[in-house]
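Dropping the structures in below, format is structure tokens.
In the two complexes below, chain A is the common chain; its partner is chain B in one and chain C in the other.
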Partner chain A sequence: MSAAGADRVPLLAASGLQQRFPVTRSLLFGRPSSYLTAVDDVSLALHEGETLGVVGESGCGKTSLARCLVRLARPTGGTVHYRGQDITHASARQLRPIRAEIQMVFQDPEASLNPRQRVGQIVATGLRLRGVGGSAADREVRNLLAQVGLNPEHVNRFPHEFSGGQRQRIGIARALAVQPKVIVLDEPVSALDVSIQAQVVNLLDDLQQEQGLSYLFVAHDLAVVRHVSDRIAVMYLGQIVELAAADEVYGRPLHPYTAALLAAIPSTDPARRRGRHRPAVAPGEPGNPISPPPGCRFHPRCGRATDVCRTTQPPLVAYSGGHLAACHHPLGVESVGS
Partner chain B sequence: MAINQSQPAERLPRAGGVGPLLLDDIVVDDVVPGIGHYRLAARRLRRDRTALLFGLLFILIVVACLLAPVYSHDIARIGPNVNNVTGTIKVDGHTVDVVSPDGIPVGPTWHARYFFGADTNGRDVAVRLLYGGRTSLAIGFMAAAITMIFGVAAGLAAGFYRGALDAVLARLLDIIWAYPAVLLGVAIGTSLALGGLKIGPLTIEGNSIFIPAFLIGFVYIPYVAKPIRGQVLALREKEFVDAARGLGCGSVRIMVREILPNLSSTIVVFVPLIVAGAILLEASLSFLGAGVQPPNASWGTMIQSGLPLLTTSPQLVLVPGGMLVLAVLGVNVFGEGVRDALDPKSQIRLGR
Partner chain C sequence: MAALLQVTDLEVAFRTHDGPLRAVDGVSFAVDAGQIVAVVGESGSGKSVMAMTLLGLTRGANASFGGTAQFGDVELVGATEDELRAVRGAQIAMIFQNPMTALNPVQRIGRQIVEQIRAHEPVSRAAARARTVELLDRVGIPQAATRVDAFPHELSGGMRQRAMIALALSCQPRLLIADEPTTALDVTIQAQILAEIEELRRETGVGVVFITHDLGIVSQIADQVLVMYGGRVVESAPVDAMFDDPQHPYTWGLLGSAPTAERARRSRLPAIGGSPPSLLRPPAGCHFAPRCPHSFDPCGQTPALRDRLADRPGHLDRCWLEPGQKRRLREVDGQIGLAAAERAG
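Here is the complex of A and B:
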């Protein structure tokens, strides 16, 4: 898919992935009256050692995508491959050996830690599954806590005795305990203060360099993923609208939605802020995933929309440099067809 | 990274801070340890004088009943099942029949022997009260244990697996629930008391106290299983359960290690309430002849056997009845105190 990894088998790949949730009207005769399509025909690949950022507004299906990729949810369509092995419909038993290799770090560090377990127990859960027990597990837990920048002496504390950033570190330590290859980070820093966000992002960066991890980094704003991502996928209403190297996405966004997201990043440079021409941030609400707008899903909010956008869904097309975008009127590209 | 790293450092006032704050890998040591759930509850309970007082009352009753053999052997010097219809005792210098020729037993003597008087067979009411208390309390605790074990297991399985298992369990529990506890108890109790119970190699006699214990424990299962199931339904959707599954934990491990610890406060709240209910139900069943079988004493059987003489010897009913009220009240008020302390917003009430 990307120029960088066309020749290798991707570590984790989704193809035509779809996740629909039934919206049931009656409790009794549970025929779903309609479906909410959280993820619609998403294809992406994560290569070894790389970080793929996934960005989009709240409710665009990022979390559903992440849950499908780690197989916490069963996708309703398409496939998920891990190292070329189809795990789309793998049973719990078949998944067991793969679980350890694909880990997830959750958005809410409070909800993702069992309030009735001590930190040592939480981190040791994965070790126990690997068959590490007793004093070896004890040592390993302390190592892991130190690795994520926590005091190893805090093994006997409960999650509520830690701050948000520290809890997220516990979540990361728990994932590291099973020696994963891929970590799917579902908005790992969204719930944290800005200063703490930087700490956690830097920690993730260090861990990636030390252990050769691959990340799928989900976030709702481009600011957070820019620093860590090699490539970035931009999602809108369950679909990927742009996918390219991080610099490309920032330097030469093709999709108006990406441009709008970039414009939404607050500038820290007063000079730039004053002089900047503010492009219109996408007005209005994101569409309804139960009945998405026909044609291009972004057209009701897009300043460049024309008749073709209202009727025809734009395909994901490769532009120069392997830059993928799904738009009839990409920015900075002279008109493609009519 | 577009989050300008120096930006928060500039905003945050640093004590004596000049240079930029290094945000990398700060190990924050000065965590204020939060107060744990149970420690907080214990503090609230300690302030609840009423609950503590009633708890103490219940403990005193339990201790007294445990000391029944000591009382019987060293103070009253008469066994709980020793008949003494023709005997006489000395009360304040007068010699009195234990049971008068027209069948009226002696009233309370307020002495070591026959402190609360005798019953129609000339047995010491005080001794029987303590021995009967042992039976009643033992049944209460055993029944509560049975209820909690099966109720929690059923609620956990139904809430976690949902689907067919949940549907089947829910219907089974509904069947138990559909019958009033006393009615169901009388029905099963009568048949078991007559025939005894044979489970494989295990044979339980009809007059064993295990039968009412088992029966009462069984009757209360839905009262525990239903709320537990509801809690499990909510807990299983929590992210930490996803995290455990993502690590590769199996269903049983998730239920036992991730979900069960989160049910502990509900379980703690239920135990005293179920014990109180079980003691009371034992008394009802024994009163109706479907619980503890004579000659074994329990508070319920004592009330029942004393009923015909209510007008002439009211102590035969009032003494065990009063003890029953005190014990149930004690554990109930204490239980409600525990519930309020653990979960001030709790909705758990024992529907009766």
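Here is the complex of A and C:
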């Protein structure tokens, strides 16, 4: 836990970040008739050496957020800072040195590796940007492959000759090639079988210890996120509803949505299994991000909702221990401090 | 009482360019009415092929079969297409992983369900439609009377899966085969669907074969568990025995690899080294031996699937290790897991 985090300049920070996509355009030059707000007023900071988990269900905006943070997409509002430098509207040229420090690993290694390039070429691209070429690059590629647990002899193979877990390792090796400071991981293990998932999670852990990397770990699997994260942000319909240290989020969730998510994870824990109790499941489905419910976006599915929840959007408020939650009636808190 | 479904030594092999692929290699198990039997395993363990074979969905020029699957008085493996057609949909129904590809995208969901009812029962279109609305309502689709005319793409993922369950239930099957029915869904929706399947089992006494890779789901809804690896069942036990006293090292590895929300950060996951075997050229003897840190000489021979615990006749496994040693061997940091391999591998 980074106690000194408050006064240090965060590595990567978003403030009031918004990402809207136009939905329907009338013919030709017509104006968009509505917008889908994928990310709506999100602020968070990633500190050096930490892992910040971002969880939420499909369509909650977690991937859009990740893409804005690495500036694969240009946010429509708010700012993104890297080491205090505003990169919200930085040009491709200005972004170049920053790209070498922020890398991304994608969910589907099948789609994110060029099928016509050999593994050696895929990994060496990043090296070339760093100015490493020739036989030095060859050596470095082999080192990187060994580092992620692949056989260095396989540099001349194509991605399709590897299994899913191995392909994800290639994606990680490619990210490491530029010696980044931050890696944004978008569902890096969700396409993998459990035993392979565990290998990749362990690998990420080792790399972080060895190289002092910072991770932004985006996933829908709460068990995996708990395992890897120092702090966790829970997203619902484009907004952060809770943000706190991992143990706080799991041990003392304040937002009813977080509690519902946790209750919905099928558990192998003996204590929970014995009772075979069916936990209170959030009814219904997430609303539509084109026209989200007014007030608190979770209120149609929430058992604690009252009139105020239907009309007023709850702000993200700090509770004890810097635990942030956006709820009018947080769990286990008697009266909300104003 | 005879079991609802009795599978004995089921074998499925496909002739491929690279030689025969033994996808299912001698699988035996039984399902009783009202019982949920979970089949767990990773990709390529043969669990889906096994399930699809029960409905004759793997038949083809390059496929060969062995063993039997007795369902009432029908033997499914050797049944003719006509016999199978009478059983499929009516007595055995299947729920697939991806409802978007399993439902016909150009037909309204109501029409698809009506078609199935009328294929098996002599009822009028109107009566079948009324029953369809009832079914949709029953599986928790709001405004069933209007949604019955929706196309699959007009429904959310969770609602589509509910529609598929309604389709599966339309002829009151005695056996439901669910192949990863919640894998494509978000956790809160998954919890709703699991609750739905459990309720159905309770109300209608349908037997369920539930295929999944998620041990959390297994522990929540299964009565009996089969663990598959490399086309074989490596362990078969009642659910509590499986989680509290697992006998096969692969099961230990699976349990150890899965992070749980209860376990705090920085406890290293005891992963299983290596990757699953190729079914084209499986290892001789125990299929798990090459990845098993506890393997020893006898593992070159295939162990039989049988009960090795004196006090628990229903708990079967395929492992040569002495049952008395297992408790010690599977302990990793105070939890069940597979110790790191001593050999590189």
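Definition applied: the second predicted complex is superposed on the first by the 323 of 338 C-alpha atoms of A that agree within 3 Å, B and C clash if a C-alpha of one lies under 4 Å from a C-alpha of the other, contacts with A are read in each partner's own complex, and residues count from 1 in each chain.
Just so we're on the same page, contacts are C-beta pairs under 8 Å (C-beta built on N, C-alpha and C of every residue); 3 or more make two chains touch, one makes a residue touch a chain.
The shown structure was predicted, so the numbers you read here are calculated from the model rather than taken from an experiment.
When the two complexes are overlaid on their common chain A, residue A:310 makes contact with neither chain B nor chain C. In the superposed model, A:161 lies in contact with chain B only, and not with chain C. In the superposition on chain A, A:74 contacts neither chain B nor chain C. Legend: residue contacts after superposition of the two complexes on their common chain; A:150 is shown touching chain B, with no touch to chain C. Of the two partner chains placed by superposition, only chain C is touched by A:220; chain B is not. Contact with chain B, but none with chain C, is seen for A:103 once the two complexes are overlaid on the shared chain.
When the two structures are aligned on the shared chain, A:129 is found in touch with chain B, with no touch to chain C.
In the superposition on chain A, A:115 makes contact with chain B only, while chain C stays out of contact range. In the superposed model, A:89 lies in contact with neither chain B nor chain C.
Residue overlap on chain A between its contacts with chain B in one complex and with chain C in the other: 163, 166, 193-195, 197-199, 201-202, 222-224, 226-228, 265, 268. Taken together, the chain A residues at the contact with chain C in this complex read 57-58, 163-166, 193-199, 201-202, 205, 220, 222-224, 226-230, 246-247, 250, 260-270, 272-273, 276, 278-279, 281-283, 285-286. Taken together, the chain B residues at the contact with chain A in this complex read 1-5, 7-9, 12, 23-29, 31-34, 36-37, 238-240, 242-250, 257-258, 261-262, 264. Those residues of chain C lying in contact with chain A across their complex are 42-43, 156-159, 186-192, 194-195, 198, 213-220, 240, 243-244, 253-273, 275-276. Partner chain B is touched in their complex by these residues of chain A: 67, 70, 72, 92, 95-96, 99-100, 102-104, 106-108, 111-117, 125-126, 129, 149-151, 154, 157-158, 160-163, 166, 171, 174, 177-178, 193-195, 197-199, 201-203, 206, 222-224, 226-228, 265, 268.
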